[in-house]
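Should a chain be cited, it is by its letter among A, B and C, assigned in written order, with residues numbered from 1 in that chain.
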């Protein structure tokens, strides 16, 4: 830890203070102060936080923060837009085995390459955000340029935010462990979108929360998109695993997915040559506006649940990619402000959101690791109560896209 | 400072020597010698030079050199092609507040992205050079390839030189403080253009000079362009600020700018939704071939002047971008070997220059910070004397571009 | 050397052991173990190995390993895909003087730029591999995408492998000095091609061997290409230098090369304005399947020979680029699994190879530095014996390419 880091690490041993007092506040990165701490660790009572820097190959210089709350351990990647590499609790793991084996530094990523698919050269996280200017499929969009004329731009797959290093990273501990980071998606004649994220967990708990704020720092209105691309392989994904959610409507993303729409919620074993199937889902919420969705294993004794506001994140994408294990056996459960069609399609469909100059929007998802049959069943019952007797509309055909 | 750095830091305390003796000669970078000094500083009599490395976010690993001559302070960025981030003297500042907040490392810049506009993701300097192979607008140009055939190439906005790290950086002090750097724009089957720049100032003075040499290290002839893109926000830019220069001809760059050509020399307050206006100017020179142009604030008690040879830099671009402060309230005053049209346009207009194999061309601009009404008035009078009774031709229409 | 590096440096002083015992086994890089050693050196009996990191300009952070076996010295670049920068023995040198003067870090290379010619911005090695997904000319290819549909992709010149940092680097010494490295060309929905290379030499010998294994780590079949792009300038290249090989067929790559096909094997002096000539050669082999080719200087007292299996590397490309010294006076002798036409052309011509899921293919080339007339003559005689009385077919026209 640097000398500067030491000075900033404040351990307040305040007798009789309220639970909210910060016992740790460590700045790991602050570009405006010219701070980046290479190595830092902190050990609490049964929990720990460990920040280090990766070395070798394409991961040279990547910062990672490993949080162990005593029950679960997760790894945040400040250098890759505050993505979460994986979450572990005993033999339960959120994450997957991508063909991409290293945590690739953005300096090696060329989003425009391969017809806008360059993002895939670094794709191996459990959770990576898509966005913020655009979050979906590559290809041409039309926009108004700085001279007021209509122009076209080739978008790149899933946007830039997952390949921008955080400009500010703090570790705060009060009653919770909180990893905070700011990622700037800024460009002259472009966006001034700022992401502040907090990944928080209570020591000893089997859950954690991602709380994000997106602010448009420009004076002018700005379109934006965010999709939380959360990806799961074994042990949660296996033959017979199920997606469970209170769903109002299922819309297959293309004709290929339409053919298998009846079994959209169940998973196959690893299948060489499998072609991805994507389903666009509209979840129901409870009377507080909260939906809960779950991925459970075949035996129904392991799972993960997502709880979040459908007002914040109305659209849920289910990506089924049950390919061979070597090529990437994975399913994405992806709450978003929109679906991952090209931004042009989202705009035309009325799903694209805007932020006024200076405006902020908030998003939060709570994740719970379900480690036995009781926990899975309890979550399934919560989901049933949300669905209640409401029906699910299943589209037999994909939407027509120009 | 590294041990190597120490050895190279020569302090010659030579009694009775001439004023030209070097009292400091420090190599900060020399790729051919495998040298890059991370931190170095030197304190003279009322002046100082401080070299350090930025940390955090997209500025990780960027070298900056801060020179304080006792009256003015400026910051050079070797990692970004020897650009100058800003210049300060009391409450006078040359620079602007870009939406891009960090000094972005070139490893994060993709010039080809966004249809060739990737340069804008790092644009926040007071002075950045455009060039050297091409310096203007993106889009298709035609050239002769290595097999002798005509080929097309998509140019990128403002070229590469501003995003190439310097390969050699020296600090020399004699009667002046001199920051020297070499930036290589080299490619197999491409250019072998070498930029040597020196930014120099006399301790205690309110002026400094950029002196550049561009050499074509290839055996064959090579087209080249350079535009000194010097950008100003408040306090010099405000409602009522003025551009003052001895001008032979004003040519609006497009139809939009043509509408406002009558008020091309005065500036509006920050204006949300303002669309940039660009004017191509042909300055008059005095009998020594020198022109002087000035940007002054509304009260006429603050300004900056540029003095340079119109034989070296015949074309001056005035970029008015009086947008909101958040989106970038800025004006560029840009002496160049050409205008910033696509290179194809410049070639057809006869403005494009060439360097023979091994040939060198020199460029120099002296900048003076004008901190009171007398200094502004004195400069205005110099400009008037150059203009004398010569007329200014104002084009009502933009040139027709295919 | 890091503490970790120390622990891993095992010096086995085993009395009476066989010649095969490893006396050195040093891990320099292992991304999976988070290891990258910045500096390391080892001195044997008359030989040495020296690993360091380059600094300054565009070479900042590049790892190089210099091996001196007592007779020859070569420099391996782990950061650039285990390329070999140059090989020296007395006044004999394998290598060339490219306009690109630094060993450019891949973080500064944009393969897609300039219409797919970005590779040329880092091209200055004696030996750089082209490949592995594609190895030839840029431009559109068609392929089947992950949804099973036909798609098009713009390939980039000579592929990615030469601009990917090695993920694992070992130095092993037993009876030979062995530099081993693993380079991963991996992408989700893309290739999972793994290159393991070993560059080995016996202390005191005037030869060395590149032994490569390429493995397809995907479950599914994958096309691949590899071309060993070995480039030579003076002293081996000069007016009157000759390429010597047992050749079954010579095919000019385009109409321009066809005009000079009769003198394809001899070289001109540096010639400003020379346009590259490329010849596709089909070498004969001896009864063990081995061919030998040689580049010799005008006097016939200096040369280099390549010995390798034509079953592994059936196609040999001869690139003649006898331009001015400043612009790049160089010839490439390039054994490959294919010729450097666009992959589309190679596929249609039946030259494109595939690797099944999990399959490995091996390649080896032995290089001998020939430092006197006897050595050159001896090699010429070996080549003559392979050619024997077999004829050489010389195509007068280039193949027709769509």
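Definition applied: a contact is a pair of C-beta atoms (placed from the backbone, for glycine too) under 8 Å apart; a residue touches a chain by one contact, two chains touch by 3 or more.
From a predicted model like this one, the values you see are computed outputs, not experimental measurements.
For the sequence-identical pair chain A and chain C, what is the superposition rotation angle on Cα atoms, to the nearest 5 degrees?
120
Would you kindly state whether over half or under half of the residue numbers at the chain B/chain C interface are used by both copies, giving same or different?
Chain B vs chain C: different; shared/all numbers falls short of half.
Distance-wise, how many Å sit between the C-alpha centres of chain B and chain C, to the nearest whole number?
41
By the touch rule stated above, which residues of chain B touch at least two different other chains?
107, 110, 112
Which positions of chain B touch chain C when the two form their complex?
For chain B paired with chain C, touching residues are 29-36, 61, 106-107, 110-112, 146-148, 151-154, 156, 164-168, 184, 186-190, 192, 217-220, 357-358.
Flag every residue of chain A that touches chain C in the complex, lowest number first.
52, 54-60, 98-102, 107-108, 110, 112-115, 117, 120-121, 123-124, 254, 256, 272-273, 275-276, 323-328
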